[in-house]
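Quick one: structure below, then a few questions.
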Amino acid sequence: MRVSRWSTALAALVLTTTACSGGGESVDVGGSGSGGADASGAQLVAALSAEPDQLDPHKTTAYASFQVLENVYDTLVQPDEQLEMRPALAESWETSKDQLTWTFKLRNGVKFHDGKDFTADDVVYSYERIIDEELSNAYRFESVKNVRAVDDTTVEIEVKRPTPNLLALIGGFKGMAIVSEENVTSGDIGRGPVGTGPFMLDEYVSGDSITLTANEDYWGGAPELGSVQFTFVSEPTVALANLQSGEVQWTDNLPPQQVEALGSDGTIETGVVPSNDYWYFAANQARPPFDDPLVRQALAYGVDREEITEAAKFGLATVNQTAIPRTSQWYYDYAPYSYDPERARQLLDEAGVENLTIDFMVTNEYPETISAAQVMADQLSEVGVKLDIRTEDFATWLDDQAKGNFDAFMLGWLGNIDPQDFYYAQHHSDGANNYQKYSNPEVDRLLDQAGQETDDEQRQELYNQAVEIIVDDASYIYLYNPDVVQGWAPELKGYTVRPDRAIRFHQASLSE
Amino acid sequence: MSAEVSSPAESVLSVRDLTVRFATRRGVATVVDDVSWEVAAGETLAIVGESGSGKSVSALAVMGLLPTPPARVQGQVWLEGSDLLQASPQERRRTRGRRLGMVFQDPMTSLNPFLTIGKQVSEGVEHHLGLHGSELRDRAVELLGLVGIPAPADRLDEHPHQFSGGMRQRVMIAIALACEPQVLIADEATTALDVTTQAQIIELLGRLQEDMGMAVVWITHDLGVVAGIADRVSVMYAGQVVEEAPVDALYADPRHPYTQGLLGALPVIGGHGRELATISGLPPDPLQMPPGCRFWPRCTRRLDARCEHEPPTMWEVGPGHRVRTFYDTAREGSR
Amino acid sequence: MSDQASSQAPEAPAAEQRFQTLRAVLANRLAVVGLLVLAALVVAALFGPQLAPYGINAIEVEDRFQSPSLDHLFGTDELGRDVFSRVLVAARVSLQVGAIAVGISLVAGVTLGLVAGFYGGRIDDVVMRVMDMLFAFPAILLAIAILAVLGPGLTNAMIAIGIVYTPIFARICRASVLSVREEVFVRAARSIGASDFRLLRLHILPNVLAPIIVQTSLSLAFAILSEAALSFLGLGVQPPQPSWGRMLFDGRGFIEQAWWMGVFPGLAIFVTVLAFNIVGDAMRDALDPKQRSVIESRGQS
Amino acid sequence: MARYVLRRAGQAAVVLLGVSLIVFALMQLVPGDPVRVALGTRFDQETYDALRARAGLDQPLPVQYAQYLGNALTGDLGVSFRSGQPVTASLLERLPATLSLAGVALLIALLIAVPLGLISATRSGKVSDYVATVFSQIGVSIPDFWMAILLIVLFTSTLGWLPPSGYVPFTEDPVDWLAHIVLPAVTVGVVSGSILTRFVRSAVLESMGQEHVRTATAKGLPGSLVLRRHVLRGALVPILTVTGVQLATLLGGVVVVEVIFAWPGLGRLTYDAVAARDYPLMQGAVLMFAAVFLLVNLLVDLLYAALDPRIRY
């Protein structure tokens, strides 16, 4: 599964064309929330690195939006800090014997921020909206046949085939939030979302800040904080300066090269946790000579992951030759490659390739791809391979990627939880995101099978087999899993950094 | 008009050995070179010469209106016993407009287009004489009336562009006379005007001079104008005075070939209808003055090599009549 | 002055005038320094890669963030590359962008200005109104918009900057053409049946050159500045190609630990632009007769 | 007067119309088909055609332009690709921040340019003229974005006197507003001020060379009075004109500086729109900038009437 700005442009453009017809009146989200924000608690100011594009959880793909929405919306289930799925709006669930029906028992007495009761119909509406409008998360319901409300507090989901990762699919992030139909039809959701979460939207000042106030009626208990203001600061050094001067109390936009030093001086607390994201590069197997596994393996030997990681992430990442991080229960320790220019040259010789020049696509949306590419270019020049770096803005990049207009590219996947999400779409012959055009019947078979396997140990075994082949074939050349890095003022208590990058201020408080 | 020569003792303004140099990109240009003249109360001195002869620059130097740098002024300018060139900038400023008035050539550009006529006429009075309010206004009206502007009170609040050229020059005169100065310098004051207006202005100035008894320095390139108004004439060429004389003597007996050329160039009303004599050639470049007589390259009667190499000095050829030549070249066959 | 100009053949004073211009420029000591800086830049642009002590893309991650020293005059950047080498080699990009972009606006602007000024009438109206429209955008904004359309990159940045500065040349050229169009020698040439092209080339163009040369020099400064700004915004030169603006863009996140990453490329831009400005100013003083006349007319009565 | 205003407004409208045409044409040159990009990997012809029709993209270009223009006249500049918000609302929301920044920057520019230009002109050729000229030369040559970085390093990182970024509306907290606006406004103001200094200098020099100034001096008025009443008054119109034209440079500086200082104005909105390829928003923002520029220049023209008694429309 993917949270992310990954497909920002795609979704945004689809959204436009639909939004065009809807027209758009400006939305007043001004101060008078219905819940009656008694600003008893303190205000936390949090600096985000970017401004949300919009606040409709089903339509946005921007990480910044989800940082805000994480605190506004709920999903049926949600991952805990170990990324295990826990009850949220659903108190409990069970699956039928044949694994084809999931029944969710909903929490009683939950209200939306506008005071309306939360019921099973809201769940059905939300899911159907995603499916029917073919929003960008519709693929998560690919195996879902039907969603229906049995009664006010019971929802039943029928699936076409056993879907062991269904909980991760519907609860992995707030893109699967339960929204209010009125809020959608009124058109307010883009700027004035109404959810069931611990905070509710108070004010949105375009270009400047979004302020949330505590939802005193939150089903999980009223938050300690009175309000949270998200400001947008794109420069990490500026964000840090703001944190140091006390203007903000939390940010995830720290200059990476300074994190190590910051941890030690005590004026700022930093949290560094391995994330579930991974970064990789891939060669276009539809184009010779990259159709030859030897060439791809040569590339895998020709890059020094340690150096790339150090250069691009300042050590705030862990080198990995597979996708799933060490911290995950699904981690599989498989690392056949080492930095070996000699071996790389040999492999290229074997493949009969000389003077290889690679048209390598990176995007300024993710500057680490540019840094890493420059390091790789330097390393690969040792092997006699010339890396021509092509930097594009993300929309063009995506377009070229979809058209297969590249020799190789580098990017990352963010926020996956279930192994199926780590491997299927990327490496299955029919995978939606198999842009590198990898096709191996054995991998297809293993992934198909693993996707329906309900026994965790069996699944793990199947994935391990698939991963070995994928890595050996160098379908992706995996580089590293980055850390989640956040910093906050020491007064901020009760806040934890999570590997899925979800920032939750429900339990947080400011001591003074 | 009197042909008497005023003695220095009587003169109100006396310029001695005035030299003005300009620093330019290509070197130092001497634009006014050792010029001396003087003028007494009630007297009119005309300084005549082609454009570029240094006559206007010398007047500006007297007024203290030359920007320094690039200009450098040397010599003496005596105004009733004190040398203005030695005076402090404040003292100089206090003489300007108060004791020395000046009327410029172009009435179209010499008035500030943004201010009312009343303001421009009265600001000197206000500053020097400390008049205010209605007193000031009355003075402005009086001045405008004095220079012959009809319905002066009504025109006080108008702007220069609402005035004709002749009227504007009258305003300029009103400005120059506002504090009843001892000396009025009129720099080509009628050149930009049509003939009828010219005559009116000349007549006006003559009348005002008589009333106020001031000295007038009349700077012009037009010898025709000079004849009617000047007591004495000083002819300038290439930064030097080449001839000076009482007006009648000059007309009757011009001694310098340049003066003769100028007089020859004058259209004679009702004359013989002969072709105008002109002086061929151009004045010398102030950066590269000829070593000898400055007029030598254009002179019709260069006599010998001395003219070319040695600068001539002034010498007296008659009472109050001095000329800068080596040889007395009294005109044969004067008119 | 104008009398002399019109009585002589327009080609004649050119050599003498050029010599005088040069002398006047040289007389200005500041301008000499400016010229020396520009000469150094040209050398850097031509031989930068040979002169650079390190490869511009030689990455040594262990050596990152080295402060300036004898080994690394300007220190090293976040990938351990030698900043001095990169600054040196980037001179080429800056000069290249400056030259080509201004070349584009020069050719386009002068052509449009000549045509508009020479033919007048409706052509003039249409051309100059379009120029007005381009002029109504803040330059950098227009360049950004053009780059948004063309996509970021060196070539597109040059085109964008070229378009942005076209109206200035068109305006200046047109104004000069208007002032010489009715001069005696032009009318004379026209009366003996010279073709429009010949008139433009032989009689009008040489006489409008001075202000255009001045503008060219000044525009070079601003084109270099624009390229740096665009690269700084991530829209111009793309890595790994070094460019001063891009180096600032990459360095601004590290400014606190590695001030040299932000200071030296910025200084390079500043010094270059300053040099072009000073030389341009000196040329204006030397070439623009209007300026000269202000000083010299005071020498005449 | 009214006729003159109408005529000038009409001219400005024509230019603005042309500007909109240029902007529209520019957007047509965009490589790639927005709808195709929108559909991404899930491409099918039917959806594609439907979306195109809905966005009006199946119409011939002149029709599309006419529609765009028609909508624009009613204040509807379309809907942002990215946020789904009406473009007009987004622009108006950001306008105050930009106007306040531009206004303060202009003020700073004038506070620099007028005294410096005056000193430079009145002491033409002297040391102070030289110093002022060098200062303005430096100001003109310094890249604004570089100066912004240096200022941040100095005043926030090192000295800690000022906040490094952000915006506080004046109405909320004037002191905080000032603290936040100082650095960006100084950055833009110094650069524009340096350019203006040269124009002030030459305008004052030219004005000083006017014969009516000589007349005023000949009256024996004190130098300061001559300067104030006669020289400056005459220099005002050319200075004003140049200030109007310089506004384009100033607004350009605002765009760059807004990005660096995270200023929630039109400039950053434009930059973000460009980065996100949000064409409707970009179109609107560019149009807005041009409109502001034209409007200010129109006002400048009208101000002439007040300043110059010779001009009666």
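As written, the chain order gives the labels A, B, C and D, with residue 1 at the start of each chain.
Here is the rule we go by: contacts are C-beta pairs under 8 Å (C-beta built on N, C-alpha and C of every residue); 3 or more make two chains touch, one makes a residue touch a chain.
Since this is a predicted model, take the numbers as computed values, not measurements.
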{"item": "Selected interface, B-D versus A-D, where C-beta contact pairs are more numerous", "value": "A-D"}
{"item": "Remotest chain, chain D as reference, centres from CA atoms", "value": "B"}
{"item": "Centroid distance [mean C-alpha coordinates] between chain D and chain B, Å", "value": "52"}
{"item": "For chain A paired with chain D, centre-to-centre distance based on mean C-alpha positions, whole Å", "value": "39"}
{"item": "Euclidean distance of C-alpha centroids - chain A vs chain C, Å", "value": "46"}
{"item": "Interface hub residues of chain B, defined as touching at least two other chains", "value": "70"}
{"item": "Chain C, residues touching no fewer than two other chains", "value": "151, 234, 252, 255-256"}
{"item": "Per-residue multi-chain contacts in chain D, two or more chains", "value": "31, 152, 157, 275, 277"}
{"item": "Chain D-facing residues of chain B, complex", "value": "63, 65, 69-70, 93-98, 101-102, 104, 106, 109-115, 120, 123-124, 127-128, 159, 161, 172, 175-176, 178"}
{"item": "For the chain D and chain C complex, residues of the former touching the latter", "value": "14-16, 18-19, 22-23, 26-27, 29-31, 137-138, 140-146, 149-150, 152-153, 157, 205-206, 209, 248-256, 259, 267, 270-271, 274-275, 277, 282, 286, 289-290, 293-294"}
{"item": "Parts of chain D lying in touch with chain A, wherever the complex brings them together", "value": "31-32, 34-42, 51, 54-55, 78-86, 89-90, 93-94, 97, 152, 156-157, 160, 163-167, 260, 262-265, 268-269, 272, 275-278, 280"}
{"item": "Chain C residues within the chain D interface of the complex", "value": "129-130, 132-142, 144-151, 221, 225, 228-229, 232-235, 245, 248, 252, 255-256, 259, 262-263, 266, 269-270, 273-274, 277-278, 281, 294"}
{"item": "Touching residues (chain side chain A, partner chain D) in the complex", "value": "7-10, 12-27, 51, 53-54, 56, 59, 134, 190-191, 205-208, 231-235, 237-238, 241-242, 245, 247, 393, 395-396, 398-399, 402, 432-433"}
